[in-house]
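Here you go, one structure.
Naming follows writing order (A, B and C), and every chain is counted from residue 1.
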Amino acid sequence: MLRYFTKRLIFLIPVLLGVSIVIFAIVHLAPGDPAEVMLGPSATQEDIGKLREQLGLTKPLYVQYWIFLTNALKGDLGRSIKSNAPVLEEILERFPATLTLASLGMLFAITVGLPLGVLAALKQNTWVDALCSFFALVGFSIPNFWVGLMLMLLLSITIPILPSSGFDSWKNLIMPTIVLGIQTMAVIARMTRSSMLEVIRQDYVRTARAKGISDRLVLTRHILTNVMIPVVTIAGIYFGHSLGGVVITETIFSIPGLGRLIVDAIRAQDYPVVQGGVLFFALCVGIVNLLVDLLYAVLDPRIKAQYRSAK
Amino acid sequence: MTMNEKTVPASSGSGGALREKRRSPWWEVWRRLRRNKAAVAGMTVVILLLFVAVFAPLIAPYDPNQTNIKIRLQPPSAEHLMGTDNFGRDMFSRVIYGSRISLYVGFIAVGIGAVFGGILGAVGGYYGGRLDNFIMRCMDVLLAIPQIILAIAIVGALGTSLLNLMIAVGISQLPRYARVVRASTLTVRGQEFVEAAKAIGASDTRIILENILPNCMAPIIVQSTLGVAQAILAAATLSFLGLGIQPPTAEWGSMLSSGRQFLRNAPYLTFFPGVAISIVVLALNIFGDGLRDSLDPKLRQ
Amino acid sequence: MKVFRPVLCALLLVAAMSVPAFAAEIRLAQVADISSLDPHKVSDIYSANVIRQIYSNLVQVNENMEIVPDLAESWENPDDLTWIFHLRKGITFHNGEPFTAKDVKYSIERIRNPETASPGATHLKEVQSVEAPDDYTVKIVTKRPFAPMLMSLTRYETSILNEKAVSASGADYGSKAAVGTGPFKFVEWSRGDKVTLEKNPEYFRGPAVLDRVIYRGIPEDATRLIELESGGVDLIPGNFPYQEFANIEKNDKYLTYKVPAMSTLYMGLNTEVKPFGDKLVRQAMNYAVDKQAIVDAVYFGFAAPSRGPLSPVIWGFDPTRTAVYPYDPVKAKELLKQAGYADGFDMTIYSDNRTERRSAAELIQAYLAEVGIRANIELMEWSALLSTSAKGIGGAFMLGWTGTGDADGGMTPVYHSANIGSSNRFRYKSEGIDALLDKGTATLDQDARKKVYAEVQELITEECPLVFMISQELLGASSKKVQGFKLYPNMISPLYTVTLSE
């Protein structure tokens, strides 16, 4: 078990390495010059050249990458070109907001999606099923930024009961959570429904029912545990995709989070922040995926056995 | 894979199965699809959308790029069904023309993803070993980079243009096609007719193209339908964030983006394009689901 | 841990509601959060605004952009190259250190030091040396006669810092610490969110009335307005959305502020690219575009067609000038024909993604099309636009220029051939313009200077290496509580005189 865990952890490393190389390459390929942005439209080429040297931008790319990598391993992600603050510090300052949003979004997705899917499966092929499935499909198809704008229109402008920006009180969290969670909610609902349908059909459930065990017990013990597996997997996958939603949400609701930090940095060509931010995010996603796999193994005894016997 | 049993061995050509009238696999699919009411509804909307996109110049009452400052920011009326934007352009016409861009982006992005992803998946699955491992690790890296960051970075590096937008969306869709094709390749690889083809001395490329890929068709088609829906959403999202569409092109996502500063006094600018996107994506998703169900009712995700 | 902040806030909110608020706190919303509070490290207006509250300069501008004394009580020029400033006595920095001439010397040397890499260094590049002969006298010697000196010293970049404070904080200066002599002290900066300042009771003009000041960055137009309406924000000191201003002016619950801005918006032409090298073509393009339409469509009426290269509030603007190149597509076509382009030509307009620039580009595209010029628009990121256009972009580019408030800063960087490759993005060389601009920089006599600049404004208009467009108005709004606020034309407005009524 532990060996599986460590093995997966080690596998994370080449992935992170790959991520850092790809992002480094793409960001540096972009036309435009962070030194130029810093010094503004009235700067002379001389000044720009000096600043570039100071920032270490005149060194060959692979050298710059090597410096970045070796420092990153020590925990030093460099300094932001724009604000001169340590990148790691900026990331950590903005991370809690993003984490809160992402977690709440996931929570929303699970608490709404799971029961929806279960209901749809239990009442399969009735109007309840049709309604729930349709609802989930709609949630999956509507652009989340549009939902955000419509919500803001309704709840901040037309009937002003919720604040439209900032991150001070719980009221700020309501609309962003819905916007973030709606797509994942839809996916979880659909996934839950199809897993449940599958599980219900399986033999051992019929056997249990035949034995006379109450439906309730059958539901909770046998069905739900098996349903949780794909749900947990999906949740893990979607956490990784969540950055897109996070960026949208932070943009529309002016929330000071990691998503906006990275996007603004890409725009301003603040290389250290982009590299550090994406790496940090990839690391978080990798860890979440790892935990998901562990949870997966815990939930499914067959898989547990597989790992015990493997190598 | 149910398709295999009904497909005549590939050496007789891929058209062989289709020419048989009775029990043709595609006919079966069509029959099942027709019975699924929701899928039919979805398909109808999609066809309607194609119709609108193709005949846009005939349907749209005005030139979508015709500016007229005097009538700007007018709410929906008889002359302007969806109102006018801040330059006085007719929103209804813009929404209609927007369908062209959305479909265009959707298909090309998915095309890029499916073709390159499919090739990588087939190659990896077929040859196995270290090549396969390497390709899968690359896919992992692609998946680990948040799609939106990848897209922003690509567009930032290559420049904002429709083509680069499609490339960016296509690349982020690569891994899923690679996975799907690889999985199918693995199942087919060990089968007899592949051994037979090898024994005859057919080249690897031929085997991949004629034997393996046709068998991946079903999951590819399903993925593609859903993929087009997702590509449309992704493109709209990126345009919303300000990447990819050159003015004055009418694209739903960028219309939403320009409209949002008028959210308070002209909410119809953001309402209609959003509804358009939702309907199209919803229809594609319903249709894709129906397609998947009819290709194999027992097919798991 | 900030994750628990919402809960904590909810509790505090309940607690706070039972205690009457006695601190006069004002909350402002800008378009973006600041990037640093080190005046030598910033070039954006949002940081500049906050810097203005924390620091003082030798001299300052008032709301009419006139020079007034600040840390310096008086000054004189014994000769054309020397400036002597006599400093006020008895001023202390926020960290308790006394303000002396040494601090002025330190600040000026730091900004000019290439290692500081300050965007503001260019304003003082004519300075040869700075000395502090005694604690309250500063002597600055320039390389050549430099008439814009006083205006350069009013810039936020040339604020006066305290050496001890800067060296004590090292690389964290500007983000975790900022020490000046201004009416407000830096308290904290929660990055991406807001900056908090509090009253400096030792301010040399007497303490301000406001106790606390909070600046927030809210990028979304609609959101900023919503915050004002809901009371989350008290004052929007500029960048008020143009499309909303007419409505809010009518609304009794708010006070509005409107002032002509220093900045102008134009479409620059890279004169090295055909056919922009031909003056007739450039003039044709100027006649082809209806600038009033841009004023109406993009700025909702809150702008004015350009009257030349300078905005009317810039020192040195010739008030007898009127709007240039009135809309005349017939004349445009004629000029094009004369230049040999009767069938028009193809070109590209480069712009960044901001709404105003983009919208203006779209309109220009439509107007050019009417005279046969087929333009396509390419959007790029702001940073890419800046660097590509500096090196020579392949067509026209949407740019604006704010300058320093002085005619020199408004024209020399942009039109002088010495700046080709950096700020002269038109890559335009005209000996006549160069000579006049040099003369304006070197003439210390105000009236003589004005005459020189009047001439060069006309010359630049005639040669037009760009398509003139508009100079906009600055718009702001606040709740009725806010009293005594004046919006400055350079959009850097001090809060010292602001009070909050109940």
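Note that in this section contacts are C-beta pairs under 8 Å (C-beta built on N, C-alpha and C of every residue); 3 or more make two chains touch, one makes a residue touch a chain.
No experiment lies behind these values; they were computed from the predicted model shown.
If you draw each protein chain as a dot and join the dots that touch, every dot ends up joined to every other dot.
Among the remaining chains, the Cα-based centre furthest from that of chain A is the centre of C.
Ranked by how close its C-alpha mean sits to the mean of all protein C-alpha atoms, the top chain is A. Annotation: 23 Å between the Cα-based centres of chain A and chain B. The geometric centre of chain A is 39 Å away from that of chain C, both derived from CA atoms.
Mean C-alpha positions place chain B and chain C at a centre distance of 46 Å.
Chain contacts: chain C has residues 220, 222, 226, 380-381 touching two or more partner chains. Each of the following residues of chain B touches two or more other chains: 156, 159, 260, 263-264.
Chain A has residues 30-31, 152, 157, 251-252, 267 in contact with two or more other chains. Remark: chain C residues 220-222, 225-226, 241, 243-244, 247, 293, 296-297, 353, 355, 358-359, 361-363, 365-366, 376-381 touch chain B in the complex.
Against chain C, the residues of chain B that register as touching in their complex are 65, 67, 69, 72-73, 86-87, 156, 159-161, 242, 246-248, 258, 260-265. Contacts from chain A toward chain C in the complex involve residues 30-34, 36-45, 47-48, 50-51, 54, 79, 82-85, 90, 93-94, 96-97, 99-100, 152, 156-157, 160, 163-170, 172-173, 251-254, 256-257, 260-261, 267-269. Residue ranges of chain A in contact with chain B, taken from their complex: 14-16, 18-19, 22-23, 26-27, 29-31, 137-138, 140-146, 149-150, 152-153, 157, 191, 194, 198, 240-241, 243-244, 247-248, 251-252, 262-263, 266-267, 274, 278, 281-282, 285-286. Remark: chain C residues 1-3, 5-7, 9-10, 13, 33, 35-36, 38, 41, 43, 114-115, 117, 119, 121-122, 171-172, 174-175, 190-193, 216-220, 222-224, 226-227, 229-230, 232, 380-388, 390, 399, 401, 413, 419, 421-423 touch chain A in the complex.
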